[in-house]
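There are two complexes below, and they share chain A, which is joined by chain B in the first and by chain C in the second.
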Partner chain A sequence: MSGQSLAEAPARAFSRPAIVLLVLLALALVSTGLFMTLGAKGSWSFVLSFRGKKLLSLVLVAYSVAVSTVLFQTVTNNRILTPSIMGFDALYVLLKTAVVFFLGIGALVAIDSQLQFLIEVVAMAGFSILLFRWLFLGEERSLHLLVLVGIVFGIFFRSLSQLMQRMLDPGAFNVLQDTLFASFATTDPTLLGISTLVVVLASAYGFRMMHTYDVLSLGRAQAINLGVDYRRTVMTILVLVAVLVSVSTALVGPVTFFGLLVATLAHSLVGNSRHRYVLPAAVLLAIICLVGGQTLLERVFAFDTALSIIIEFLGGIVFIALVLRRSAR
Partner chain B sequence: MRYLLLAFAFTVLLAVVSLFVGVSDVSLTGLLAGGAEGRAMEVFVISRVPRTLALVLAGASMAIAGLVMQMVVRNRFVEPSTTGTTESATLGFLVVTLFAPGWPLMAKMAVAAVFALGGTALFLRILRVVPLRDVLLVPLVGIMLGGIIGALTAFIAYRANLMASLLAWNMGDFSGVIRGRYELLWIGLVCGAMAYIAADRFTVAGMGRDFTTNLGLNYQRVMVLGLAIVSVVSAVVLVSIGSIPFLGLIVPNVVSLIVGDNMRRTVPWVALGGAGMVLACDIVGRLIRFPYEIPISVVMGVVGSAIFLYLLLRTPRAAT
Partner chain C sequence: MIVTNDVTKSYGASCVVDGVSLELPQGGITSIIGPNGAGKSTLLSMVSRLMAMDKGTVTVGGLDISRTASDELARRLSILRQDNHMTARLTVRDLVSFGRYPHSKGRLTLEDKDHIERAIGYLDLGALSDRFLDELSGGQRQRAFVAMVLCQDTDYLLLDEPLNNLDMKHAMGMMKLLRRAADELGKTVVLVLHDINFASWYSDHIVAMKQGRVAAQGDVASIIRPEVLGAIYEMEIKVHEIGGQKISIYYG
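Now for the complex of A and B:
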């Protein structure tokens, strides 16, 4: 993982980021292994395929949340805003609700679920680009304003979808509820194939731009100065973020602080803002949190659906601790 | 002063509309024709009047609580739901419901208020480490703290099978208000009056600790008074109505854009604005899906966030 680039002068075999990544990789592998094997009874082929599907969806969610958050923070050039704080996942819920509200529940059932997913992703990307252009590409606005606007947008989307859901008839509401609120324990297996495909395609495209991310994180003026086609690059990244957010929200529903938790931890553990290190670190951390947490809850404490509650709890605490430590210096 | 009277008249108009809007048909002629015994009168006295009073009381006191909070914390973007206060009150209510279900509502409210006070004190304790000048971090830390306490509450409720009750508390709703079930809200009015009496102190406290001490005021005591007011109001509204998001944030901010920051002058405006806002939202909630009702926290969430976004983005420079 280390020493590919000439710029890295130190001749040490392992730099700090590399060690961090190795440790995280080991932890992620251990939690995956435990998730697959712990407490298994009966036929191995059944257990492995059953848990494999769950594992795949957890990993997909972890990957999407981590990558989308880190990229979004790069584009907006800050460490506090995340797609979910800006209300992107609430936007997804709103879109889905609006379809049922205006076209009727028939539309949700009649259209093939995979086609539907693709349409939703496209709509999400469109909306988020509009939102972003309006907020970030105009005149320079203060970060305070942006965070506040982001939080308020999130609440606005959530309230609007609640309002629409309240006005649906109970039958339609139930169907909608089912498609919206899967949890970590009961992710929807039918979406797995298409989600995997979408994530792999998005990542392949995003991977080619890896070097640009570091340049972008220097800020808008610097990036333009260094020859990056700022508008186009930012738009492309935003489409990627929208795609990934749609995937994770479709699989498990909105999780507000997870991305923030993972991205902040990754940045502070790696101690280096190169995306080559930060991105994999964030993904591995997310996998450890989700898979490890789910294993711990299911096998050790015998709870089932409370993981998202616990993640919000820990995410909040870690965040406050980090903020305090930084400002105490 | 003339504008204040105008605002007052408008709020009264809204209150009158609120009296006559609803599923059961109540009209002025019906009231007069039916006399004291009629069905219209019964609906009027048992349901409509208490509901309208509850709307006015809850709206005014929550808006004032938001204003006091903003003065005490010295930050524009705080209100009981962005400082962990509402969430702490919910936790307290849950705890007392679990361990002492038989207690009268008043006692439960008191426990919720104590928890709210504790949560807010914790928030302020955390803030002492964060540089207060950073406007961004204060509400962010508060929202995070609220999230943590909310998660803790959800976890307890989940284990105790009280998730449904928790959802009901989190969803502010005036449709359950009838005579005998809103009177606690008068405590909110008392708190509002106290805030008005102590308004000058809060204005001074809003300028900082050193400045306050310099003017011969006991800063600590003003802070405690402010926090007590905020906590009691949050607990009262939570216990009798449920949480109403955004109210304490947008009303004082809009008012301060127009009237300024002298609290003695803004309190009546904020009270009227809060009452008017809640009345309007509740009337909309009653009409939009007639004969069914939409809870006020949903309407308030949409309207409140939309107004706030508009205010923030209309003049980007002025808002920062």
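Now for the complex of A and C:
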């Protein structure tokens, strides 16, 4: 016992969250530096602007996935569910498919892609409020019920999109497929500007609630006791989450377990649930995973598309481990 | 003063709290006793706005709880429930400082820090204040949560079974502390208690509930009587006077 407390004392004197954040920041800077420069041939101005766009989209995705997952877990007071496990990104795919299915491919081509993206973000926010308000507001529900409902929702949205995609004519399907399934290697550059704007606006709004996140992590009863307007705050945060999920899904397509991976790692590395530590840690971890992983695969192993598979594999293992540990208790 | 008027809550066909109208006096300790399923915790949850009522009104210090802003109420009334499951990993001092959130919205002033240290001291948590909650025993964690609601510094303090998880020494310490909060700081303390002897020893006022209704209420002398308790709990309860206190014997 005394040995343990002796070993813990110096770690706290140096503040563990601060050390973790510094190390992560250094790693993130190294991986972005390598991503921009490693193996560059020819004109630097071309390389930097070409890779800069890719880097920006990877960073946007990392940021959106990390922040949306951490906030979602705080609001729902659990560490297993993430927006993508609850089918948020499947909902985005469904919305997009439904537009093509009902309005025809003309609608997808005719409307300016940035305006289209904004409409999708608004629709996402609206739909997720309708769908998830009865789940997360009102009386507390069991986590197992939520997992089950989430997985059923996810499968339902995916099957519905698949059904509509099968009934499309091949030409329309091709165009749709093209807009839906980008990967980490080939992101969609037309949406970069508008995505950045959306993320910055959402973050500016969300940043003002930094202390409220901590209060919400105490659970519904304590949050209400401490005077948080629970319904309004939770709905606001769920809208922020829906917006961020739309951004990342529009840029690289659905990734199921990535958010869980970085949120879980961030919580266990920082060891303290204060959001001013956990949120930046999760974002930095996500940047390291995406940018560093992409650099490693592209430049060192000369693979192109395997990053999402590796990340999903690791994230899936974390998910199974969490579920098993929870049910063992 | 806490006034409830015809407060009702039902789940499906079963009515858990059935038209309860009560006036809980200002100041002192009021204990709510009664058998399992009598609706004690549900009533407390509705009074503290954690649960919506189906019918009725509640006013706390003249404020209608369904019309007053939640953060305004959080400076008047605090509630601690028996089950405080949370996923967050926090130190004791972190948790206690959340009690100041209604006053300072997260930006702690010197006065807030003063309150925090005092609450930690009151509950004898000084040595544990930098430990994480998940490293503590159930009783220590319970004391940390009580320190938090004390730190909230509200006129009304509602506690649902605060003696849960506490051994005899800490249970007595907790009741003495609440007695001090009522006597020295002028707080109005409302408790749900299972141990009728603790209720008898420390309360000023007792409300006995049964099947969602108020079965009896009054001062200790009028409630801690064999015929009243026997009817509420449907068992034989003897009451003895020991050192001027009424002690119930119900072990066999």
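Keep in mind that, in the parts below, the second predicted complex is superposed on the first by the 300 of 329 C-alpha atoms of A that agree within 3 Å, B and C clash if a C-alpha of one lies under 4 Å from a C-alpha of the other, contacts with A are read in each partner's own complex, and residues count from 1 in each chain.
By our rule, a contact is a pair of C-beta atoms (placed from the backbone, for glycine too) under 8 Å apart; a residue touches a chain by one contact, two chains touch by 3 or more.
Note that the structure is a prediction, hence the values are computed from the model and not measured.
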Partner chain in contact with A:226 - chain B first, chain C second, else both or neither: second
Chain C versus chain B, contacts on chain A by residue: B
Contacts of A:215 with chain B and chain C, given as first, second, both or neither: second
Which of chain B and chain C A:53 touches, first, second, both or neither: neither
Common interface positions of chain A, toward chain B and toward chain C: 139
Footprint of chain C on chain A - complex, ascending: 12, 73, 77-79, 139, 210-212, 214-215, 217-222, 224-230, 267, 271-274
Touch list for chain C against partner chain A, complex: 48-51, 69-75, 78-81, 84-91, 94-95, 98-99, 101-102, 105-107, 130, 132, 149, 152
Complex contacts: residues of chain A adjacent to chain B: 80, 139, 141-145, 147-149, 151-153, 155-156, 158-160, 162-163, 166-167, 256-257, 306, 309-310, 312-313, 315-317, 319-320, 323-324, 327-328
Chain B to chain A touching residues, read off their complex: 77, 126, 129-131, 134-137, 139-141, 143-145, 147-148, 150-152, 154-155, 158, 245-246, 288-289, 294-295, 298-302, 305-306, 308-309, 312-313, 316, 319-320
